[in-house]
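Chain naming follows the written order as A, B, C and D, and within any one chain the residues start at number 1.
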Amino acid sequence: MSAPFFYALVGIGLFSLGLYGLIVHAHLLRKILALNIMGSGIFLVLVALAKRTGEAPPDAVPHAMVITGVVVAVSATALALTLMLKLTAETGRAELPEKGRE
Amino acid sequence: MEALTLLEWGFDGLLGLGLLWLAWRALTCPELFKAIVLFIAFGLLMALAWVRLDAPDVALAEAAIGAGLTGALLLAAFAKLSLVTGHEELKPARSEKNRIRFQHYWMPATTLLLVTAGLFYVILSLPPYAAGLSVEVASNLDTSGVSNPVTAVLLNFRGYDTLLEMVVLLLALLGVWSLGDTTIHREAAPGLVLDTLARVLVPLLILVAAYLLWVGAHAPGGAFQAGAVLGAAGVLLLLSSWRPHADLIAWPLRLMLVLGPAIFVIMAVLLYLTKGQLLEFPPAQAGILILILEAVATVSIGITLAALFLGGRPRRGKGQA
Amino acid sequence: MTLIDYLSAALLIAGAIFFLAGTLGLLRFPDVYTRLHALTKADNVGLGLIMAGLSFQAESWAVAGKLLLIWLLVLLAGASVAHLVARGALKRGIRIWKR
Amino acid sequence: METVVTEFSWGIALILLPLAGGMICFLWPRRTQILGLVTVFAVALSVGGLAWQMLDKGVYRHAVGGWGAPLGIDLYADGLSLLMLATTALVGFAISVYSAAYFKQEDAIRFWPLWLFLLAALNALFLSGDIFNVYVTFELMGLAAVSLVALAGGRDALGGAMRYLLAALLGSLAYLLGVALLYHGFGTVDIALLSERVEPSPVVWAALGLMGAGLLLKTAVFPLHFWLPPAHASAPAPVSALLSALVVKASFYILLRLWLEVFEPLISSEGVYTLLGLIGAMAVLWGSIQALRQTRLKLLIAYSTVAQIGYLFLAFPLAVAVGSTAWSAVAYLAISHALAKAAMFLAAGNLVRFGGHDRIADLDRVVQRLPLTAAAFALAGVSIMGLPPSGGFIGKWLMLEVALTQGRWDLVVVMLLGGLLAAAYVFKVLGYAFTQAEVAHEPKTVPASMEWAALLLALAAVLMGFLAVPVLSLVDIGDPFGLSEVRP
């Protein structure tokens, strides 16, 4: 196994870890962290496998995609954090309100 | 040579396991503040991984945006959260409930393990060599107007993605603003040290941003990295209690925010009208046009990121009206 | 390896030792103030040594200049941030550790 | 003039107009309403231009940047895309007229830029021929939609928006990992090229699983629908209409597109089809029963969306047979539902404005007070139930016909049961609307444009019942369902 594959596997591991964190944690800040970690895992898969070019320079297209992804991720994080603060101010808890309550 | 590969493997192994460990700790450590700090450390290690994978452009973006600005946003949100909930969040005891929960989630955990194993298999089934689009990128680089392939993809080959991405950034700010306002007023002086630091660093950061922007045409760098550095300067100013002048927070601010995506749209239309396809750069003028595009976008990105850090739509304070 | 290589290797190793010591201090020291002490030492001196070691390998004066600039920036940021952290800790009423 | 209409690349206008409009609205808040309306009208005209062009020349393709796939990004539209674009323009225009009266100035300055960016995202998505570009449009759409839900303020809306955001982001990430795998497996993110290059391999299966799961979550298919009712029920009425009518259809459209172009030719096992059909059937039954159980009107309509999405998935097992018209039925159902559901949510908005609440039991003789709104709700209900003559009837009839010829009695039963349950929940609302409630309240007036917008959408849903032939021939442009090889 070469370095690109090793890092791609780490990326998959991060994706799964993040997904697990997203499911088990109730706290919204923790869920936001988990989503960011999932995203980083995917970016790692994209960039790591772009290095399968042998001696030639790596494929630049996934690099550009990841830069796009990083900017999208920070935008989504900013909105999620603000929404979390608003919700907490409204309910007193940084968690999703229980369903079914009127 | 043998020793070198062994060293490389040691480095890769440490880095990979470090990434996984930090992610795990950021998700499981009971204190939220620690979790955020661990996440920022995770971002910095990611930057190192990008360098290792020959992706310096991504490394710069990650360090500035992924670790830096996201970290600042998280810390600011954490501080506000502690205010809202009255410091309750600082130390949530790991209660019995949490431990029961952990057992409660064995099923998703097992499913996830299976999914992970499956994805491992998929990754390893990929061919060991693949050029992707690197040949196409290389052979069209001459007519793209820049010599850094990543910038060529971002601004020229897939410039349409970047146009939409600029709108995503603006949209996030619109969303944040639509959730509420923050009153703009000058707070008490934050202290001599921070003030001095801001005074020294802000001009330097602006210089670095300009350098990154310029160098992006042929070396790692570009509008997003430069914009992030500019955004960091803005965050530093906001931290040292600098606030924009009341007259600037109405339409001048909005204009600066819109300018980035707007220049993209305007250029897209102009290039369509002259060349026949959306965002089709004429090879001869591509370099200068991309530089103009990036320069305007950088300023817009920087201001948008700083505004995201500030939070709600800035309004004049009552004392200032 | 030339003499220059040996020199830069020695500087790099010395820098790494400072970082190691700083990290140990960060992990083992009793309170935030002493930890800051350990950390800033590692950052300032350790990074200085590493930058010096790397400048011997630099291709041009411009690269060496950039390395120097990075070190100076880290010095400035490190000192300011250490001050801010310590001040924040004092404001929160965290006592200074005494034996 | 003639040449302008035929030569101009109308597709790019569909994306750039709302983008520019949104930015101008943001810059000039005092005129935001009129600017917004003009923009939406211009977008509707551009869809007309595109349709004109495509009837003449067939499919639309535009290589952004002049590079062409795989290096660049291609915009692509066939009959299916055109149908979605036209529905978006029509529904979007009616909702815009409604919103102009619905929002007060202070809310309008927040609503219009967000809505125009959402419109741009929808159009960009329907026109995209590139799976990574689709990811970016998803994020654009998601952030806009979430911000729009949060406009309502208050505990329910903020909670609904937060849940929606987390679900949307999770769906996008699963989709993005699928994109990453496909790119590294086949070296392109262009849909047309992918459909040429893909071959059965672990990568394709993993990509199908990840992208499928992400898109099913975004489309709110049972059992991944948990985020939809709270978000759609707590949003401002025009926003609920936009989300139920258009936004969930967008992720379904991508699912269908990828299925048809990339995955379907490779999948020989029955399991996947059966699974999709099964979750469709569950969604129809579960969503309908939940809708029937609701005491709040907007929640009832939101659960009805869950059920109606289920119908779209019933087509997957039916479409296995070559030359089946199941996909045409799906396209017809999707647009009829978009029209009818938008009308329903707008009508619900009128009732909330009128009575100050949306408790079904206290609807208090709205038939006499708001006859147009009641008519709108009833007509939309006809289409949702699938009674003739309406768009919903045509769609369900086409699908029923396929199921009958294939002898899929299980699906026939599900469709009929779903129709009966839909009738039950629609009549539950109408029943209360005729009776006098005991709660006294001071009714507020509802602007005429809000009533007419709802009614016209409902009428359009019914009118679709008479337009089957032209609409279905429009969809066939570019042969999106791959039926040409079996037709003489």
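To be clear about the criterion, a residue touches a chain if its C-beta (ideal position, glycine included) is under 8 Å from a C-beta of that chain, and two chains touch if they have at least 3 such contacts.
This is a predicted model, so every value here is computed, not measured.
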item	value
A-D compared against A-B, more contacting pairs	A-B
Whole-Å gap separating chain A and chain D, where each centre is the average of the chain's CA atoms	27
Approximate Å spacing (C-alpha centroids) for the pair chain A, chain B	13
CA centroid of chain C to CA centroid of chain D, Å	57
Chain centre separation in whole Å, for chain C relative to chain A (CA means)	31
Chain A residues counted as touching two or more neighbouring chains	15, 19, 45, 49-50, 52, 61-62, 65, 68, 72, 75-76, 79, 83-84, 86
Residue numbers of chain C (touch at least two other chains)	none
Chain B: positions in contact with at least two other chains	119, 126, 130-133, 137, 157-158, 161, 165, 168, 171-172, 175, 179
Chain pairs in mutual contact under the definition given at the outset	A-B, A-D, B-C, B-D
Interface residues, chain B side, partner chain D - complex	118-119, 121-122, 125-126, 130-133, 136-137, 140, 156-161, 164-165, 167-168, 170-172, 174-175, 177-179, 251, 254-255, 257-258, 261-262, 265, 268-269, 272, 275-281
Complex contacts: residues of chain B adjacent to chain C	191, 193-194, 196-197, 200-201, 204
Chain B contact footprint on chain A (complex, rising order)	1-10, 12-21, 23-25, 27, 29-30, 32-34, 36-37, 40, 43-45, 47-54, 56-68, 70-79, 81-86, 88-89, 92-94
List of chain C residues in touch with chain B within their complex	73, 76-77, 80, 83-84, 87
Interfacial residue positions of chain D with respect to chain B in the complex	9, 12, 16, 19-20, 23, 26-27, 62-67, 70-73, 75, 110, 113-114, 117, 120, 124, 132-133, 136-137, 139-140, 143-144, 146-147, 150-151, 181, 183-185, 187-188, 201-203, 205-206
